[in-house]
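Both complexes shown next keep chain A, but they swap its partner, so chain B is in the first and chain C is in the second.
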Partner chain A sequence: MKWSSSLYFSDSALYYDASMKTHFFIAFLVTGIVLLTCSSLAQTVVIVNTSVPSSTSFDVDELLDVYTLNKAHWEDGSRITVFDLKRGKSKAAFYEYIGMSEEELQRIWLRKQFTGRARPPRSLSSEEEIVERVGRTPGAIGYVQNQSVKNNRNVRVVAKIKGTK
Partner chain B sequence: MIVSFQATIRIRESACGFGRALLVPSVAALLLLLLHADVLHAQESDELQLFGSMQTIFFHQDSRMTIDSPTENIHFTGSESRSTFALQQMDLFFRKEMSDNFTAFVDLEFQLNYSSEKHWGSLSLQEAWMNYHVSDALNIKTGLLYPAFNQLNEIKNRLALQPYLFRPLIYERLLSSKFLAEDFIPEHAFIQISGMVPFGDFFAEYAVYTGNAESSYITQSAPSGGIDTDVNENFEFLSGVDPTAIKFKLFGGRIGLQSRNEQLKCGLSVTHDYNNLRDSSATPIHLVTSEARSLFDKDASRWRFGADFSYRLGPAFIDAEMIQVLYDSKRAAEQKFELEQSFLHTMVGYDIAYPLTVYGSLQWSDYTFGLDADYFVYSAGAAYRINSDIGAKAQVIVYEETYKNDPQALTIPYNQKVTITFFFLGFSVLL
Partner chain C sequence: MHRRRNRRFTVRQKIQLPTILFIALLSLFMWFYFPYEQRNALRDSFRNEVQSLAQMVATGVTLGLSNQDWEGMQRSIDLVRQAPGVDFVTLIDLQGETFTADEDDFRYDPAYEDSDSLIVAFYSVDTDLFTGNVVVGASTDFITHRVHKLGFTAFWVSIITLLLGTFFGMWQANLIVRPLSLLRLAAIKVGHGDLETEVYRTTNDEIGDLANEFGKMITSVRHAQEHVQDANAELQTKNRLLEAERRQLARTLENLKTTQAQLVQSEKMAALGQLIAGIAHEINTPLGAIRASISNIEHALSHTLQDMPVMMARLSPEMRALFFEMVGCSLSKHLALSPREERKYRRSITSTLEESGYLHASDIADTLTEMALFEEWERYTALLQHEDVKDILQVASRLVLQQRNSQNIEMAVERASKIVFALKNFSHHDQSGQMTSADITQGIDTVLTLYHNQLKHGIEVLRRFNPIPRILCYPDELNQVWTNLIHNAIQAMQYQGQLEISVGLLETCIEVRITDSGHGIPEDIRDKIFDPFFTTKEAGEGTGLGLDIVKRIIEKHSGTIDVESEPGSTTFAVCLPVQIDTTSS
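Up next, the complex of A and B:
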């Protein structure tokens, strides 16, 4: 077996070269698969409570409207409860996706709150907390890395943020 | 208990009696709301949200005044300096989402070191309304509310949202003896229907509202000048309600455009109501001619027009608004006597780094109410956000006021110029 024989020094240079190429190719393949898997695991996703109507669109404009609090209700008339992360890669990825900075959103939230129009998002410390609160709050929405969702049956992944790792 | 608490600040010199009358019921209402907050905090949507803001200031002022009246051989020059500390304003806000469709909101405002014991400042209920959300395109708000008129009216007493300490001229309560905000803007309405509709990368906004013409019709005091010809007022038998209820109502609205990320906002506003000229604060009744004075016995049909614009591009931003107030008075027109008011405000700012914002602003107002008066305010300042809840602010303001001779209206040639330089330092705190 070439692979196993390549573990030993061979007297044949030609055979050594071929064995090493195969070895590198397999290593490259395995590394690629691992990286792709890790990349897939670390993707930022948008989650909602399962009560949110499945017909709802979650494109970038929709998410922007929800997080600027301009859209306060889902299509079925239920109130939207927005959750936000205090910090982390998911937050940076999500904000970049909707094209807003933290300061811009804070300014908008403060105005909406002080004019009575909306309640600013609840800012939570961990992704696990986001998943748990979205899961038990009807009409809730949040964003986390997809491995944080695990098998929580009360939340539904509705959008994946492109280009996040 | 999840009770969010946040805060603003502001000032006024009047309405002590009103504040005292409100104190007991207000404190009782506050206690009830706080008790309610404790009980209802368990459910996210039912909890009472309590937050607020306050602003505390130190200011120094140098004033200089000159008055000239050549025919009366009057020449006067005076100057004065003073400085003081003040709790400019504190607001407490209560908000409750009663169901998916109903929301209630209350704004209780304390101004200028409020003390009923010392008769300082004022306590007032600025807003108390309930909103019924039919859809994002249709909201029905009822109660005491700030109506949609330009962009500043809605946040005129939310000082924590602004980088400045001293508000634009007509909104500044420190100048309430000079400028009554309601001469330029509809301060309150009682029913408003509003909504926003997505329109590509924008939202189209609209609002229409109605309410009482202005608060001077509700006062119990007799007219300040002229002959009382208002029959309704002579039959006034209810306290604290509009005695001219049948005649004078406010109607207004705004249409606007807002980008989805809220970096661009603009709109046009209009109102129609009546102004009780007998209560006009700006009219120097003792100076105007008898012909001009006769105009001030009347209620004048009034139109206010407004335009607003704000744009933010990265760290730079600009805010601007203008207001034109016109009166429909045949008698004034016959006498070639102008009754109109104008206001213009522009502010340009830059976020040097996130916590530090610098800005400069220019305001101008023209007042032709028995005199030809011009007001200019030049202002520059900085706001530094110490953390997410506390901001330090500094501002320099130059205020110039010029009364020119208006032979149509004045009994004597009269020129007056006042220049005041203010230095403000303060802190704005979100509670």
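Up next, the complex of A and C:
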């Protein structure tokens, strides 16, 4: 995740250094095209286990509550299990979506760990693993690229990250 | 009772108290020291434990953050949190602020580190996300609880030890004291004189030996006491005898004293008797002289009255005048010649008269010698040539004889009155008992006068009297001193020799030295002469008290008496102080 974003910005900086004022517009345009191409290929989605009540509305506030571990139970009383991606494209998209930096969120989690009131999130390495685990774990929630879902019957897509369309 | 009051601790207490004290101290030690040490040890090990818990958390956090292994981190935290006694697990940043504070109401307080009921351990964490310390706080309540439990046990063990120890101490004390107090009771009984007390051997140790020995001692004391009682009875008998003897002796002494006083008195009386005998003789002599003179006068007077008128008628007036002149001449002569001289004169007168052709020359010479007209008679030859010379001379000699005898009477009376005066002086007794001022020389003169008849026959008396002041003294008693000393001197000389009496003033005293020319006092008895009853005379003759009395009188005057003696010269020197301290007598 880290290196991908730094690559992204170093690209733009490279362009900015090379093109000067006259090339600013061109650089912006190229970047936009690259981004558009990417989003057209993959979109980040929020998935939950099918046991999670469908009445829940997964807006940004709800996601923020869940991912800052302030909310531990769904409406039906089942426990929430939060899954996080250790690194990947969808992670940046999701964090941007809920308006938190990775560092901020980790600090919150560290704090929560020491209060002992929240279940710790589970950080996994791959999206496939996340999909597989969310499907296996009742009350689980996670975020992946939409193509990773692969019609898994145990997961349900509850939100699509708009910024990446 | 009285002894017991003074005693502070009994033997029993002396054994009991240290034992109980020792056990009490041991109990206190067990009660306080062991729990205290236990607590410290527990705290030390618990601190290490908490420290490793903190390390575990720190490791969990570091690994969790680097691997994003939140579950692992939570497990390690939960594990530590569930560990026994753990109170809190938290993070504090480098400023000491509690990392979790904005979500949790728990805030770390540095005061926890000083709390007695908490043990706080730190372990540093250094990651990109967080730099600070893991803090683990653990309650020491369980330690306190365990220590309390131990204290409780220790308390009961102490109490039981104390009770057992006290019991043991008392038992031990009793074991020692019981035979001792039996022995003590026996000793008290013995002390009160009950020597029949039985002493039993109660234990087979030193005290038992002591009891044994004490029993033996009582037996020997009993024997000794019986012995002493016998001896005492014997002593009492002897004492009674001694007392009787003592009384006898006291009576004897009393008798002796009385006898001595009587002897002193009789010595005085004897001296007085001798003196009186001498004085009687002394007075008798002039009386005899007076008697003879009176008889002579009477005889001469009757003849004179008869013959004188006849003779006067025969004499012429010239002759008569010559006659009276001759008588007057004879009367004026007082020469008393020795018989030898008288004879010489008589022979010379006789021869002269015979040459001149006188008749009755021898008779005339006799008469003339009688009349003491040894040379003067030649003036009266006219009378001698008278025819009645015989009658004339007879009448004249009778007249002279009367005169002479009158003079003799006068002398005798004078002598007698002198003796009477001396006697009066000597026996003058001052009844006041006070010292009076007197002249010592006068006293000595008096005594010499009284001894005159014993001195006059063969003793030459030399008086060397220097002028001396009058002194305060007891004159009668001093007269007794002089009497004794002079009497002794006369006897020592056996009435023949020289008696020298010198009186003089030395520096502070009057010295009277009485020296006789007797045979002296042998040296071996010289020290004893002043002892009472010492005498050199035949038994019954002298009392031996004379010099004793002398010495006592002189001592009464604060004076001294010394004797120097060699054959032919014995001196008694008496010194009487001029200023006699009247208070000493």
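Assume the second predicted complex is superposed on the first by the 123 of 165 C-alpha atoms of A that agree within 3 Å, B and C clash if a C-alpha of one lies under 4 Å from a C-alpha of the other, contacts with A are read in each partner's own complex, and residues count from 1 in each chain.
The definition used in the following text is that a contact is a pair of C-beta atoms (placed from the backbone, for glycine too) under 8 Å apart; a residue touches a chain by one contact, two chains touch by 3 or more.
All figures in this text were calculated on a predicted structure; none of them were measured in a lab.
Chain B and chain C, once both complexes are superposed via chain A, clash. Legend: residue contacts after superposition of the two complexes on their common chain; A:K86 is shown touching chain C, with no touch to chain B. By the document's definition of touching, of the two partners only chain C reaches A:S123; chain B does not.
Contacts of A:F114 after superposition: both chain B and chain C are touched. In the superposition on chain A, A:S78 makes contact with chain B only, while chain C stays out of contact range.
Touch counts on chain A: comparing chain C and chain B, the chain ahead is B. Common to the chain B and chain C interfaces on chain A are residues 103, 106, 110-111, 113-116, 119-120. Against chain A, in their complex, chain B makes its touches with residues 4, 6, 8, 44-45, 49, 51, 53, 93, 95, 97, 100-101, 103, 105, 107, 127, 129, 131, 133, 135-136, 146, 154-155, 158, 160-161, 196, 198, 201, 203, 260-263, 312, 351, 354, 388, 430. Here chain A touches chain B in the complex through residues 61, 64-65, 68, 70-73, 77-79, 81, 99-100, 103-104, 106, 108, 110-111, 113-116, 119-120, 137, going by the rule given at the top.
Residues of chain A that touch chain C in their complex: 84, 86, 103, 106-107, 109-116, 119-123. Interface residues of chain C, counted against chain A in their complex, comprise 61, 64-65, 68-71, 73-74, 77-78, 81, 89-91, 99-100, 102-104, 129-130.
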